[in-house]
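Quick one: the structure is below, questions incoming.
Chains: A, B and C, in written order; residue numbering restarts at 1 for each.
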Amino acid sequence: MRLFAFGIAVGLTFALWMFLDHTAIGRAIRATAQNLTAARLYGVNPAQLYALTFGIGAGLAGAAGALYGVVSQINPYIGATLTGKSFAIAIIGGLEKSIYVLVGGLILGVVEAMTALYIGPTYTDVVSFGILVLVLITRPTGLLGRTA
Amino acid sequence: MDAILEVLNLTKRFHGLVAINNVTFTLERNSILGLIGPNGAGKTTLVSLISGTLEPTQGSILFDGTRIDQMPAYRRGLAGIARTFQVMRPFPGLTVVDNVAVGALFGAVKGCKNLVAAHDEAHRWLRFVGLDHRAGQRADELGGPDRKRLELAKALAMRPKVLLLDEVMAGLNHVEIDEVIGIIKKVRDQGISMIVIEHVMKAIQSLSDRLLVLHHGEKIAEGKPEVVLSNDEVIAAYLGRKRA
Amino acid sequence: MKRKLTWALILLVGILATVPWWGSAVLVQFGINFLILATLAQSWNIIGGYTGYPSFGNSVFYGLGGYGVAIAMVQYHLPFAVGLLLGVVLAVLFAFLLGLPVLRLHGHYFAIATLGLAEVMTAIVSNLEIAGRNVGLVLPLLKGDTVFFELSLALLVTTTIAVGWISRSRFGFGLIAIRENEEAAAVMGVNTTLYKILAFALCSVFAAVAGGIHAYWITYLDPSSAFDITLNVKMIIMAVFGGPGTIFGPVLGAFLLSAISEILASKVTSLASVFFGVVIVAAIVFMPRGFADLVRRFRKQGWRYFHENIRAHRV
């Protein structure tokens, strides 16, 4: 069952990557992120686009919540703690492609498990967020992203 | 004539690209050096290297005998180097007079110590460039030519010894160009040495005591205007083929 | 500042100081909470409003202040004042040491980095023996809310005076210049690194004292409440709601939002948070530059002010 959840998560990441890289709307989103004015000149409607992007993000978050319920307990407050972690994963992996985020998640997951095993379970947050701060200071584009 | 600014073997590399290649020249005290060359030659890069916005890969810059190439930008400002930006950088949310006041407050070691004195100084420089009537407006409400004057006033309020002007005349019509030429001459009369980047030939010829020509990041000519402007290489690179 | 305004403010502070003697216990408690939050909002104002660096890490200073007091009083049996001093020293050290690398980032990255720092500190402190690990520390009890009310009031007044001084000083001008255009400020002679760190350290002082007072008042401290991340959101919302970069904006914002939150909690208990959220969103849409800006511009523009804000933010 957990493998199934993992599979779906990977599948969604892949789907997002395909969407952003290979569809017209995906291109529009990336273009708007890089240069709003130019994108408008090419016919992008920013308001609609932002709404769409926010919606996709919300949808993915919802899916994540559902998948999280498969592997762990859920209560109304997990949103807050997970939000912080998701920031860390996205930044550490790199904001350029969705695959980077996937790798970031894997890296962080392994690091946390290792920390829990060798140092102590209460130190996982220290390590995760410590790495986040270090990455931001030294390589803000993420471990995998191109240096700006 | 002594040199107030000496640039020696200055090189700047951006990863693979060599933007400035082994450039050496001097700026004499109380003189105006015109910096010309085709777009992309590295003129703004050179000015950024002198003002401290960029750090050199190799070479040195001497200001009044002191090495400044390793100093952070703000210390060079304090030492007496001021510049205007080609892509103008006002403080958008502040009023025109506040913009200039920043220069008065921070630009020199003997700068103003309190806001009142700074505002007086600011008004003085705004009058100098002819912008005092807009003192209370927000900086981002100004139009193009006024923004250029604001840039100039901000730099002047720092009481610099060396002023680096980056295309202050771009986009101005003939009348406005003559006005700015007049202002720059007034600045020189104040004893400020200048490096002026310009494409407007009329301005370059009437202002410059000496000329420096850059092409692909290299100096291809330096000297008196009449000599440089009739140099074959300069003509080929920048001025266009000589008219018969 | 105009004479009349100054006297009116002094009078107001004087009246507020007497509240514990005629107000109900609930009012006094609301007062203390509001005063502490207002101090936090005001301290954020220094680094966020004036310097333009949106810090999500001020909760660290607050927590360090609280733990400074707790550790001093519980582990070493030192008086409260010494505890406050310890908290401030810890906070300022943190601001200097971690401010240096983190202040090199800009905008969103800075915000996330400070948020990361806040999370790291929470996690680190919950592992420290001297801080009582996850269980926390219990402080000695000082009966009576009056002392805490007056202390908090004094703190808010001090912080506001500090912000007032900043807004007319050369230092403050430099901070504003950094906010408006950091590169231009640097070229014009502002030592941006030094100024940013000083601003950060200054706001750490006030946040730490606030944390210390709060810890002693509640008499109990544990990592998640001391380094409460949501405090960051609260103080930023209050400062931005009231008007960032102004002297009284954060205080006004803190007061209005605290009051609204209290009223909603007592009248509409179940959906209080929902309504609060609605208020925040409405505020962002209709008055994004804060309440202070609204007050200033409304006189000139009337209802058109809201219209223009909506139009200005339409993408």
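One rule holds in what follows: a contact is a pair of C-beta atoms (placed from the backbone, for glycine too) under 8 Å apart; a residue touches a chain by one contact, two chains touch by 3 or more.
As the structure is a computational prediction, the values presented were derived from the model and not from experiment.
Taken pairwise by the contact criterion, the protein chains link up end to end in a single open path, with no chain closing the loop.
Among the chains present, the centre nearest to the common Cα mean is that of C.
Here the spacing of chain A and chain B, counted between their Cα centres, is 45 Å. In terms of their C-alpha centroids, the spacing between chain A and chain C amounts to 30 Å. Within the complex formed with chain A, the residues of chain C that make contact are 101-102, 104-105, 109, 112-113, 115-117, 119-120, 122-124, 126-127, 134, 229-230, 314-315. Listing the residues of chain A that touch chain C in their complex gives 46-47, 50, 80, 84, 87-88, 91, 120, 122-126, 128-130, 132-133, 136-137, 140. If you check the complex, the residues on chain B that touch chain C are 51-53, 72-75, 77-78, 82-83, 85, 89-94, 98, 101-103, 105-108, 111, 113-115, 118, 154, 158.
Within the complex, the chain C residues that touch chain B are 168-170, 173-174, 176-177, 179-181, 183-193.
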